[in-house]
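Naming follows writing order (A, B, C and D), and every chain is counted from residue 1.
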Amino acid sequence: MPKLTIDGREVEVAPGTTLIEAARRLAIHIPHYCYHRGLSIAGNCRMCLVEVEGVPKMMIACHTQAADGMVVHTDNDKCREYRAAILEFILVNHPLDCPVCDQAGECKLQNYYMEHGTAGSRVDEDKVKKRAKAKQIGPNIMLDSERCILCSRCVRFTDEITHTHELGITERADHSEITLAPGAWLDNRYAGCVVDLCPVGALTDRDFRFKCRVWYLTAVDSICTGCARGCNITIHVNRDRPHKAGGTRVMRYKPRENPAVNQWWMCDAGRYSYKQIDHERVDSAAVDGRPVAVEQALDASAAALKRAAAAVAVLCATTATNEELFLARALFAGALGGHAAYLAPPQGEQDDLLLLADQSPNTRGAQEILGTEVRDPVGWVKAHGVKAVVVVGEADLTGLKAEVDHLTVIATHPGKAAAQAHVLLPGSVHAEVEGTFTNHAGRVQRLRVAVPPIRGAVETWRLLLELAGRLGHPFDFAFEDDIFAALASQLAPFAGLSHDNLGRRGALLGSGAPQPTEVV
Amino acid sequence: MAEHLFFLYFAVAALGCGAAMVTRSNLLHAALWMLAFFVHMAGIFLLLNAEFIAALQVMVYAGAILILYLFVIMLLDVRELAKVRQRHASATVASLIAGVMGAILVVTLARGTFAGTHGSATAALLASQGNVESVAGVLFTTYLLPFEVASLILLVAMVGAILLAKRRL
Amino acid sequence: MEAVARKPGTVTPAGGVKRGPLTFWERVYVVEAARGVWITTVHFFRNMGYHFLHLVGLAKGRQAAVTVQYPEERRYLPPRSRTRHRIVRRDDGSPRCVGCMMCETICPARCIYIVAEEDPDPNIEKRPKRFDIDLGMCVFCGFCVEACPEDAIRMDTQMVDLAAYSRRGMILTLDQLLAGEPAGPVESINALGERVHG
Amino acid sequence: MWMDLAIKAGLAVVMMLIVINIAGIHSWVERKQSAVIQDRWGANRAGFTLNSPLWRWLNPLLRPIIYLGLFQPIADLLKLVAKENWSPVGGMKWLHAVAPFLYLLFAFAGFAAIPFGDTLHVAGRDIALQVASLNVGFVFIFAMAGLGVYGIVLSGVSSNNNYAFLGAVRGVSQMISYEVTLGATVIGIVMVYGSLDMQEIVRGQGALLWGWLPKWGVFVQPLGCILFFTAALAETKRIPFDLPEGESEIIGYFTEYSGTKFGMFLLADFVETVMVAALTTTLFFGGWQFPYLQASGFVFPWGAEVAVGHYAVVAIQVVSFLVKVIAFCWLLMTIRWTLPRFRYDQLMDLGWKRMLPVSLANIALTGLVILLIEAL
């Protein structure tokens, strides 16, 4: 085990560890562009040059392996001088069009230049212009070769992660640029990740392009709802400037590193699934298709449920959070003595990287909490003699209305379920509540409130609570974490877990209380 | 004839204002009825050719004394006071005393003890001598002692008020 | 103005004036009040006199009033005064603005609303689709002008008479902003100032 | 009898018109005079132009009127009248409406006792140019002024606004404080002329002192004149005594008023100014007297006599009165635009500790002088 000193602090690392990773252990950040933990090492940007005592040259921290007794300096005058020089080189042909560049605000070039750069450039030659300033290279990707610093992260991504090899670097010297392979089109399932990887504004997302400046956004940790993988994401929300993008609140998803789930990636299907959050929402309660106040709809629903006595059931879609599922179970199967089950999740395509066939984020949670899967709601209702049904979420309920006396649907979007309902209640999507999802591998992960429920809608768990109160079985839950606490105390697999101790990485079912999160 | 009509009006209105004044539960309204009462009293003085007394009535009672009352009333919460129950047990006693005194007044007047229009201060005298002169003449000769005593009482009241208001002079 | 004999006071180090005790006649107040009334009276009759002389075409050189008759006469505004915004055009007439939203970001009153879109010219990339300034909220701090990397927004129209019949009417759209003209060259503004101030 | 009543009613109408017009023009004068004093133009915008070809020729005539701002009072009036008749939430609606009426009523009532000319002989009748020939005129005026306080009290109390209420308290304390001085100063005049009748006081001022100086109040009571004028100024509650309601800076008793009711307070303010001017004229500046003008004509001290017809004499008297009143209005305005406002403690100090003792001393001094003259 090599033991080395970085900036005066000793650290012992596994053999083969690079200096940049060893420094990371000490929470020392070494500036870099081409290095990425999920990709192979290229060592071409030279930004990570550090001084190793006894070595006459500066060494790149990303490719130098730690050796026993090494003494490394990452932040002395020499390092800073080198970094400034490297930045000056990188910027020789950079167009500095930050005002029109979407990366501005989250650009490594900007950040490092503010931290390590020189005040002015000494190069007064004309910048090399590339053939076209902005060029579309895929359905969602724009390439601006002038801004490119040729770190080759995107090329390595298509080579090593997706193995699709769309991108390469052509020409030489300062005419080098990223080019599509002949006949290729950057349209693989994970193409959006190259935008995240690009440290500068060379690759930008056509969906997000020019919609909003990144400093207007607020980032909230959440979980992607595209499939059962439960990729960790941050939701970027525009809270203060509703005139951008026609009032859309959620502007984009970005993948968040979680080595146990999605590493650094997410698929395009999940990435662009944010659009449904603000699109065509159910924003008003309705009784028999007539819009009414939420309170009235709740009264109507409760009255019908009371009439049905114990012949009631709840059917939850697997998009509901663990908390909502538990509340549905506690009310219908517990307090009312009826039935609680979940609807079979829709299936889709699958691949060998992240995407799973199960297209809902919480199927495993529903299995754990409700247990019963229902593929044929009509048959199930008939078999159990149910007179009144509450459906949480979207499902194909064709024919169900005819079988029961009453059907309440808590819906977020107008769909097949909402169209059937006697009483329609406007519920919340995952970005509007605190909660947890359990992914396919049984990892319980936190959701956080990114935006309040859209105007007119109410948090789904609050609707269930209100319904419980009106049915004479009030629960003593003030917030979502109270519900989760009850869930953890009643269901063995969840034992020991709480909203507070799940952390950024989540915890596996049955693992008990997780340890505090490791060093990032 | 016209004078009788005017007298009737002033007398009835003055009585009405007086009655309204004592029956109002809102102190502010009571004070305003009192103002109306004073003005009508002044009207009766005018009918008696006692213009000076009439003007003084308005100036002193309405313009100065009632204003001081109003000051006090303004500093109280009139609306709260209006809610207070006005009929106390002592009200019966008070109305009894008032009734007896009223009866005495009526009887005395009916017996004609007071000189009335046949007294020394007739309208003709006022017209010939002048209003101020007649009042001043009587005030500073016949009734000099009561006048001075009254002044003294006022002075004592004033000194007392100042003492009460300013403990440390 | 008539020079009024005033008791000299001593100037304190802090810049204030410390006056001595009042004399008897000053304490009586009536005399001083009368002197004050005299000053205003002199002003009144002097100005009235000039007004009458002006009426018959005399003494045009002497002023009876110092006020500027605003809509007809404009007070000289220094060339760097921050007045109504305008957006500068390129040579081809398109707005110089590239929709970078620097002004929107810096604006302390949050009165600038920009929505950007793709420019057909790939070398410009971005252009404002919507550029509204809510003058009802603007504080005329000029930060937007300072922040603009393209010198696209300026506050040199010398327009200060901004009014509308509704709050909506106070919002300037891109077209209105583009229609703004810079005030004339500095010389003419100065000439105006000289005319007003003599 | 009916004829007398008609004549009295006619006189009342004349007096009313005089007062209202002077008060109305005040609002214009106040704007323009202050503007001229302060080297400004003043109102010169309000107005209209005629576009119809039939009336277009009038435009050149309208222009100077607009330029002088003479349409401004009309515009102000229209604005005030057109405003919503509003009364404060939680206030006493009825009293709130009554207060400005009372205030204005009592401001007007005092003028009944003010003579604006000597007796007019016409068609065999003697018409005293005075609405009410009261032999206690001066007490009457004071009684009316005293009742004016009720307008202030009611406006303050009924507004459901603590600032208005405090303004009313300030206003009432100020008015009753200065009424004392006001009364005390007039006693000197009463002693000199030996009457409370305003007409008699004015007649008394027609005499000559030492054969050449008109025996005006200002000459026999100079101290009383200054004190009276100051106290009367304080009674009007205008600068420098505008603590009850200081337009823009101090919230006062009529802060909850708008529209016509506010306009009545405004008008009453001007009426009070006219009242002060009229009283000062009547008591201290000879009222309708014109120097050396007797009933028969001018009788100069050096012996020359110019006979003047009766109607001409009366006309000169009335005009003399009006000119004096207007001159004092002008002076009051000039003072308004000259002096800074007092502090409230200074105001009370001035009223009670300075002016009242001096006015009492004035009475004593006057009495002493009168005794001395009678003894000689």
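Methods note: a contact is a pair of C-beta atoms (placed from the backbone, for glycine too) under 8 Å apart; a residue touches a chain by one contact, two chains touch by 3 or more.
Remember, it's a predicted structure, so these values are computed and weren't measured experimentally.
Path length between chain A and chain B in the chain contact graph, taken as the least number of steps between touching chains: 3. Set against one another, A-C and B-D show the most C-beta pairs in contact at B-D. Centre-to-centre separation of chain A and chain C, using mean CA positions: 52 Å.
Distance from the chain A centre to the chain D centre is 82 Å, each centre being the mean of its Cα atoms. Inter-chain spacing, taken between the CA centroids of chain B and chain D, is 30 Å.
With centres taken as mean Cα positions, chain C sits 64 Å from chain B. Viewed as a contact network, the protein chains form an open path, each link joining two chains that touch. By the contact rule set out at the top, the touching chain pairs are A-C, B-D, C-D. In the complex of the two chains, the chain B residues touching chain D come out as 28, 32, 35, 51-52, 55-56, 58-59, 62-64, 67, 70-71, 74, 78, 130-132. Chain D makes touch with chain C in their complex at residues 33, 35-41, 44, 226, 331, 334-335, 337-339.
By the touch criterion given at the top, residues 92, 95, 134-136, 139-140, 142-147, 149-150, 153-154, 156-157, 165, 168-169, 172, 176, 179, 196 of chain D touch chain B in their complex. Across the complex, chain C is touched by residues 97-100, 104, 132-135, 209-211, 213, 215-216, 240-241, 243-245 of chain A. Within the complex, the chain C residues that touch chain A are 98-102, 104-105, 110, 113, 115-118, 122-126, 130, 149-150.
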